[in-house]
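This is the structure I have questions about; it appears just below.
Chain IDs A, B and C follow the sequence of writing; residue 1 opens each chain.
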Amino acid sequence: MFPYHPQGYPFPYFNYQRVPHGYYYPPYSEGGWGWWHGALESDESRRLPEQQRLTFVLVHGSWADAHFWDGIAVVLRSQGHAVYTPEYAGHGTDPNKNVTHAMITKSVVDFIIKLNLREIVLVGHSFGGSVIQKVAEQVPDRIKRLVFWDAFVLKDSESVADELPPPTRQGFEQLRAGSKDDTIMLPFPLFRDLFVNTATLEEAKRFYTSVSPEPAKPLFEKLDLKAFYMLPTPKSYVYFYQDNVLPQGEGFGWNPHMSTRLGQFRLIVGDGDHFTDTRTRPDMVAKKLYEAGRD
Amino acid sequence: MFPYHPQGYPFPYFNYQRVPHGYYYPPYSEGGWGWWHGALESDESRRLPEQQRLTFVLVHGSWADAHFWDGIAVVLRSQGHAVYTPEYAGHGTDPNKNVTHAMITKSVVDFIIKLNLREIVLVGHSFGGSVIQKVAEQVPDRIKRLVFWDAFVLKDSESVADELPPPTRQGFEQLRAGSKDDTIMLPFPLFRDLFVNTATLEEAKRFYTSVSPEPAKPLFEKLDLKAFYMLPTPKSYVYFYQDNVLPQGEGFGWNPHMSTRLGQFRLIVGDGDHFTDTRTRPDMVAKKLYEAGRD
Amino acid sequence: MFPYHPQGYPFPYFNYQRVPHGYYYPPYSEGGWGWWHGALESDESRRLPEQQRLTFVLVHGSWADAHFWDGIAVVLRSQGHAVYTPEYAGHGTDPNKNVTHAMITKSVVDFIIKLNLREIVLVGHSFGGSVIQKVAEQVPDRIKRLVFWDAFVLKDSESVADELPPPTRQGFEQLRAGSKDDTIMLPFPLFRDLFVNTATLEEAKRFYTSVSPEPAKPLFEKLDLKAFYMLPTPKSYVYFYQDNVLPQGEGFGWNPHMSTRLGQFRLIVGDGDHFTDTRTRPDMVAKKLYEAGRD
């Protein structure tokens, strides 16, 4: 059995009438790629490695804020891409930790609409995967491609917590119960071994200073994702094989466990872990996100 | 349970009386490796990295023809290997697309016999895996080692289509039903994301010009493979970890799902995808095939 | 279901009262890392890449002896680490092959106590994983971290043989039955394809001269590991993705099949196989063991 195949799940490969304009490429034709030939006409793009100019919207995960993307955004912008890193409810400077998943989604949707962004490559990392699933439902026409990077792809009616191995979930429930404001704080040993396992201890400590308690509620909310699974939007999954936030196999994990729920998707693999490379190798991460996001 | 273990499946490790002559190496003995010492006697092989001279027969997969191997063959020949890339029925310049799996197998078997090839390293890529399974049944004494590269290893009485996730299979059935000559053509978006996911769009487009409709019937034929599973021929599996033509896990995929059916096999892993590296990094592919094929 | 979750299995993340002294790092505090700042005070550590000085005890696996570690120990010592490679019963120069798993464990425990080693990074490779599980039960206060490198992590009451695919197990049982001294010798073709698959044939032959028959009994002994699963000792798993001694998936293998039994663990991944890199790339292996072992 294919891992996730609800009733009425469309076979995404062949709904060409629903594929975003300009995406479907008729066999044997060489034309119709105006953006590309356009890009090649400038002198600059001849000197640089060929890069299609993309509009990235980068959505971070839990125990992070929009600065998570700082290094990667610098690299992508230096290559000519437009890069946006919206902050969302309950994170960054927002003092209110009492937020819902819908409020988080609304933050990103409002950001996209206010800036009138279009042809977006919408990237979600970790918990951000569940956010871009819901954002995509609300502004599908603005999205060129969805990119999940070691990110949750939830089934309809699932919560993020439903994808955690039982001991991890129980641990999170204990931490949640012990907090005064319904948040979960990662203890350093867990952060060090699961989120920044390839980092030096110094790097891990520096990273940890930017970790703050995560609003718990959105992790346990079950999401209606029926509309998401009807979207014909092209999708990619970036998987870093030293990422061990979830066990990779035995019924859990990023790839292939959750990635295959996307139906047809482009796979890009790197050798990083969950957090470290954003700081130590932002060029590597940027390269993988570009490979995932380009046409 | 071991994934595939039919009644009477021989434990391949210990049937030394059936191992091809010259392969079994008695413990603690240093002698008996004439080819090797011979190779080292020439001046040329002293200057080059040590390479055993092999005879490769390379069998391509679906949506490809023998030119699939062009770049890799150049590299392997430059290293002193003999390389053969037989075309098979329904492919290349053959105008007849109404072919069977047996006709395809016969093309390769006839090629091997006509050229009187022996001590072959027989490599199958993708669908070509099912072809070399059947070829090996017919000319076992000519084969030194079987190498499956992201290739189907079918169970007895299985078809290639049986190894596809249900949505992929249904999609192929739709495409087949819509064709006039019982073929399946890959739409570009599917080809781009599943077969050449790591390529640039330009590379993907260039590659796609060589893709032509694939005869459908051989993909759906169930094969009798009882004889294959009695062969003591040494086997290798080359797995590229960005290959996502099949999901890798959850009951599907190249490795370990199909590779483990080989019993004892030598695993070689690379970082490529299904098609791209044949053109962009033929030296990398050649190196992996050599590592899989050497004694 | 989480793969292994016996009754009473503690959720290791949150038992901080049981975490070895000095390991738990209170959120938002920058202090308390004396060893690190100490290390940075010397001129030498400023010139070298930053390395915490560790005490490694390296426990080899089957068909190997303590010389397995020679190259890796040279590299680690050159980086300032203390490295110990105890030999254990039935191996090396020990003429007695009639040993038990308990005797093997005792060899390592006695070695550690005799040399009064403390704050140990205890590394087990392959079968050595089951040894460090039992050693950890006996000298838990001396161990800073357990590192499993493509190593068995047995469930309570399991034997190493229980983790072998049935055909492999049957093959070993045949070899055992055919021996005069209750040992198992690896035939060269199996060793070459499963243990040193990435090696050249010359390297494989050279390696094979150091392989001697392995006492069979300890591989088939079921171990009481209840105490192991109560230990709060930090744990790491090093996985080399070309290691195919066990199939990696479908209910078998190093990672994630056995690694996830550790509960919370730090994952480090490399591109090697089971044996080859100890001789061809000891610096790579040393780097991965350091990444797994450091705080």
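To be clear about the criterion, contacts are C-beta pairs under 8 Å (C-beta built on N, C-alpha and C of every residue); 3 or more make two chains touch, one makes a residue touch a chain.
What you see is a predicted model; the values in this text were computed from it and never measured.
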Pick one for the touching-chains graph, please: line, ring, star, complete, other.
-> complete
Roughly how far apart in rotation are subunit A and subunit B when fitted on CA atoms, stated in degrees to the nearest 5?
-> 120
Between subunit B and subunit C, tell me the centre distance in angstrom, where each centre is the average of that chain's C-alpha atoms.
-> 35
Per-residue overlap in subunit A, given as positions that touch at least 2 other chains | 241, 249
So, in the complex, the side of subunit A touching subunit C is made of residues 165-168, 170-171, 174-175, 185, 187-190, 192-194, 197-198, 200-202, 205, 208-209, 211, 241-242, 244, 247-253, 271, 273
Show which residues of subunit A lie in contact with subunit B when the two form their complex.
-> 1-3, 5, 9, 11-14, 16, 19, 23-28, 30, 33, 36, 50, 52, 234, 236, 241, 249, 255-257, 259-260, 263-269, 291, 294-295
